[in-house]
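In this document, chain identifiers A, B, C and D correspond to the written order of the chains, with residue numbering beginning at 1 in each.
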Amino acid sequence: MLQTAQRQSKTKKPSPPHERFLEAYRWMLLTRTLEEKLVSLYRGGLITGGVYIGKGQEAVSAACGLFLQKGDIFAPLIRDQAGRSAFGEPLLDVTRTYLGSRQGPMRGRDGNIHRGRPQQNQLAMVSHLGAMISVTVGALMAKRFKGEKDFIGLACIGEGGMQTGAFHEGMNIAAVEQVPLVIVATNNHYAYSTQNDREFACHDLVDRAIGYGFEGYSLDGTDLSACLEIIGGAVKRARAGRPPQLVVASVLRLSGHGEHDDASYVTEEIKREPFARDCLKVAEQTIADLNLVDAKTLTEWRKEAVAKVDEAIATAQKEAPPEGDKEDWCAISVRDLVDSLQ
Amino acid sequence: MSITYLEAIREAQAKLLRDDERVFIYGQDVGGTFGGAFKATKGLAKEFPGRVLNTPISEDAMVGAAIGAAIEGMRPIVEMQFADFSSIALNQILNNAGTHYWRTNVPVPITVRLPSGGTKGSGPFHSQSMESIYAHYPGLIVMTPATVEDAYTMLIEAVAIDDPVVYCEHKYLYYHLKADKLPTQGVPTGTARIAREGRDLTIVSYSAMVHEALAVAEQLAGEGFEIEVIDLRSVKPLDTNTVLASVARTGRLLCVGESFPWGGVTAEVIARAAAEGFHLLDAAPQRLNAKDTPIPYHPNLWSAHRPNAKEIARKARALLRE
Amino acid sequence: MLQTAQRQSKTKKPSPPHERFLEAYRWMLLTRTLEEKLVSLYRGGLITGGVYIGKGQEAVSAACGLFLQKGDIFAPLIRDQAGRSAFGEPLLDVTRTYLGSRQGPMRGRDGNIHRGRPQQNQLAMVSHLGAMISVTVGALMAKRFKGEKDFIGLACIGEGGMQTGAFHEGMNIAAVEQVPLVIVATNNHYAYSTQNDREFACHDLVDRAIGYGFEGYSLDGTDLSACLEIIGGAVKRARAGRPPQLVVASVLRLSGHGEHDDASYVTEEIKREPFARDCLKVAEQTIADLNLVDAKTLTEWRKEAVAKVDEAIATAQKEAPPEGDKEDWCAISVRDLVDSLQ
Amino acid sequence: MSITYLEAIREAQAKLLRDDERVFIYGQDVGGTFGGAFKATKGLAKEFPGRVLNTPISEDAMVGAAIGAAIEGMRPIVEMQFADFSSIALNQILNNAGTHYWRTNVPVPITVRLPSGGTKGSGPFHSQSMESIYAHYPGLIVMTPATVEDAYTMLIEAVAIDDPVVYCEHKYLYYHLKADKLPTQGVPTGTARIAREGRDLTIVSYSAMVHEALAVAEQLAGEGFEIEVIDLRSVKPLDTNTVLASVARTGRLLCVGESFPWGGVTAEVIARAAAEGFHLLDAAPQRLNAKDTPIPYHPNLWSAHRPNAKEIARKARALLRE
């Protein structure tokens, strides 16, 4: 696949680098490093439950996180590690959650990509796809009620999740409430094992925008500069008070649905599509082609990423797991109202 | 002055909007000059501009938006047009609102109002009582006020509570129930109310069925029986202690609910009483629910489908004879 | 309103009459007659529960029923009396349901517009809006499985119901399964008391079509010929194997949401819009203008409609209501599997 | 030969597709070479072209389409990827499928498969047991097979039944449970199974918890107690007679379920036993459920959240001492 990607990067010239290209690249690199490590921990049997990675989607995701400011709302999904990191999620949140430290943000109660820090405006996704769109809308309504200014929300979704009723209702209510929302939809051509032809039948998912009163943009998600340009533009327009924005990025999921999945159903044919390029390799090719940084710096960046990841893993691995008999088994915060169930 | 159950709900919301700027109301047709399918928000949109908002027919998104707003510090009240339509919002209520505090340590102070229960001619989709589904899942408070006073104070409390509250208001009580005035303070949620004292039999109930139970108690008083009627007020938390204390006095228990007969509140009450108060019981505890079919449209069928005073009396007499 | 409609019918010339214009008109007339009668029964306290009428929507609805053939599937909603009748629903079904005869199709178990005869391909709606779209899709899939030919399905929806998640999922799955479905959406500018601006924020709901891979058509629902032309065309295209069809008709609801509702929230301004014309009056104006039938025949048609309605009401009124103690209280058909609940 | 619970589900579907052309399978990822998140339909799309169909992520529409197809004479099987996601289809299941026969006299023979229950590391949204919600509403059959044999025969029966069936298969049993061969005939739905005979205590359970109960029975046999274990097989209809007959023999009842503690199967069983078998009981009937929080992700928490053999044994011993 690497070769294919390189070949294609020559035929299809990427846009000239966006001013935040290298910054974004480093989030992509950190993410790839982290997720490769998580995968090897998973293979080694050190992680309970699933591991879900964003391989091939780091450019889109990094761009999502990069343009958000403090006070903005971010609703990432399962392939948004790059965006989470760029938005400020500490690596320790990730490793603690995956490795089952009780000090993680979910304290062992929920796992992997469900983590969030709602009070730092990173929403904690539920699994039910589409459900977080309206939650993001509500958070933005609250900010407006409270008189805050200059905030936006950005919510991610896959092309599969776009087919849920919750997504539709969420998108529509965003437009009705005219909140400053950007929805970044990534069509990675698979929902688990299901290909686009069994997911939807429209020509292009960006054509959904007009039916809601969103502004819609398409995007080659393998091209980091394009991601920064288009997603950055959507964020800017939302912040400026334009209608809600829909960005539809095209990529190929370069991993299994989760690491338990060998993805043997992914066809050879689709792997030869232009959208099947590895955005990280494409970005590195651009760096090399345009000589944006020298090889030594690149090597250092890689080392730094590895060091950060290793540290976050080592720390989490040292931490104690939660224990059933020490757990506060209480699903509500008002203790007086706990039911006296046996 | 005289105030209905429905007016108490409107007054509570008016007070909440007045006293707390974090409160807003979100639901189909709640705004404008209309004020809701049952007029529970009549006049509020005008009095509180921008805070009583009509929504599209999108129950999932209505509750989702309320959750997001609550996380960001607001205190939304969501009105379902009928409890039955909350089936569309169920995922957000159970899986998002209900799990959020436990997962993230951040509570979700939303109140979802469900106009519940049967009325004549409303049929299978405008008559349901869904409290048992919401009470089954962790993370939610489920209120079922049976009086004008509770309708008022419990709604105010619902919004004050940091956790998500499903507030089941009974449509049959909207106009049928009147009080002289609204209380300034309520009984705290989680405490059941002894609606009538007695020593021969305890009837545990909630919402509209409390009034059927009271009618039966009155009727059987004429036959020489003293029936204690307990109004649960909230079905989660469920006040087991008050139930057990009453059974300790009477030795006999009948639990009456308006919902479907498999599972639900009556099963939970009987199961608790049997497990924790077995030795207090002088006879087999009994329950009475609606029939195991959808709720019928025709009044002749509807009145036979729901538990009514006649059937409760029959069941009560049988239990008193044991 | 009558005057307004007439004035506008002069400024805006209706299309030349469709070949089935008069046939459709008679269904409209029958419907209007029936529903006015139901309303007066309701006012007289003779109906339990709500009465929901389709005043102002008879042209759209008649066109929906008219082009359906035996074997087609029809999923009407609350304002589709004209379509139901045109599709073959006996008037007795209506009066028995509203008047609580135990001989009605729902036998007193369900009321008013929830009635249906699934085995005659008229689906019995649940209240939850949007839910019947996917049911229609499934019925069409079944027909395909069974090797039937030349069938289509037609499902109705209001602009309010289009905002439900169920509608989205149903519409999308229709396109994915490529079933011969026509969705006729009527924007009557109100969902109960709620106006369009709190329902959706797109410019035109027909723009939803492209995002699903439907073919979309707009329609002046006050113009019977246009209704027949456009809905007839959509039915024909669906039958010919074209993608699913979305027709969006514009009208004003000329009644309360139900008869309990005085609709005082309907603005005077909107009543002056061209879409606020009464389709029945417009059709009658066309009949007069073009002299399609003479006054005598028209009077006879009216009398006939009244006679039919009166008869259906009289019959239903004589019939016994259901009785609780004779009822078969059983929600499942396999009697061995009934739970031994007390 | 040895066949797992999961393979039995696949074999049942293969047989159904082979024997009955009205059957098709509809669900996310069930088709292609993939055959479902758990491989319950592996190979079937190839063997039965056009009859094992992948769907969009649209649970409401999946069930809606199945209902429509069933009305038109098909026998669809809908696979939910996880039971938890059936919350999205709940409205179609409860309000459309569940009411249809009663309203129109036309039954809706759909089967909805729910991969249910907890496994290690699955967390709040991939572990739920939703049988109690479906059983609460009228119009549905709710099956909860606990053995390989039942997994097979009950799924075949589910599709044969003219009414809508919610078939709750337990993910923990998928690989853990093996049988030597598949039966040609099953016990009819509605009849509970005595999984182990005893005379000191009845443990009523269903699905995965049957095996925990059996382990406890084995363990307590070493302590001199003979415990009868009843596998309900279906929770609606619920075989009250078998439960009561067992309690008549043992005088003691413990009901164990994996779902949340408020309401649900255990409450229903205890309530029925108390109401109808009060005089048969020598001690207070008890129940054991999961804790009243969402289902935790971390194995340490998960194994403390669900009822386990240790806790069941503790509860059983206490009950035996009474």
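General observations
The rule we apply is simple: a residue touches a chain if its C-beta (ideal position, glycine included) is under 8 Å from a C-beta of that chain, and two chains touch if they have at least 3 such contacts.
Quick caveat, the model's predicted, so the values are computed rather than measured.
Common neighbours of chain A and chain D, listed by label, are B, C. Of all chains, the one whose mean C-alpha position sits at the greatest distance from that of chain B is A. Inter-chain centre distance (chain A to chain B, centres taken as mean C-alpha positions): 41 Å.
If you average the Cα atoms of chain B and of chain D, the two centres end up 30 Å apart. Here the spacing of chain A and chain C, counted between their Cα centres, is 44 Å. Distance between chain B and chain C, defined via averaged C-alpha coordinates, is recorded as 36 Å.
Counting partner chains per residue, chain D has residues 55-56, 58, 60-61, 84, 87-88, 91, 95, 98-99, 102-103, 124-125, 138-139, 236, 238, 262, 275-276, 287, 291-294 touching two or more of them. Chain contacts: chain C has residues 106, 109-110, 114, 126-128, 130, 163-166, 169, 172, 176, 198-200, 330-331, 339, 342 touching two or more partner chains. Contacts between chains leave no pair untouched here, as each chain touches all the others. If you check the complex, the residues on chain C that touch chain A are 130, 163-169, 172, 175-176, 178, 197-203, 205, 207-213, 243.
Chain D makes touch with chain C in their complex at residues 22, 24, 55-56, 58-74, 76, 91-92, 95-96, 98-107, 138-141, 161-163, 188-190, 236-238, 240-241, 275-276.
Listed in rising order, the residues of chain D touching chain B in the complex are 84, 87-88, 90-91, 94-95, 98-99, 102-103, 124-125, 132-133, 135-139, 236, 238, 259-260, 262-268, 270-271, 273-279, 281, 283-287, 291-294. Across the complex, chain C meets chain B through its residues 48-50, 100, 102, 106, 108-112, 114, 126-130, 160-161, 163-166, 191-194, 198-200, 264-265, 321-325, 327, 329-331, 339, 341-342. Listing the residues of chain A that touch chain B in their complex gives 73, 105-107, 109-110, 114, 116-119, 123-124, 126-128, 131-143, 145-146, 165-166, 169-170, 172-173, 176-177, 330-334, 336-340, 342.
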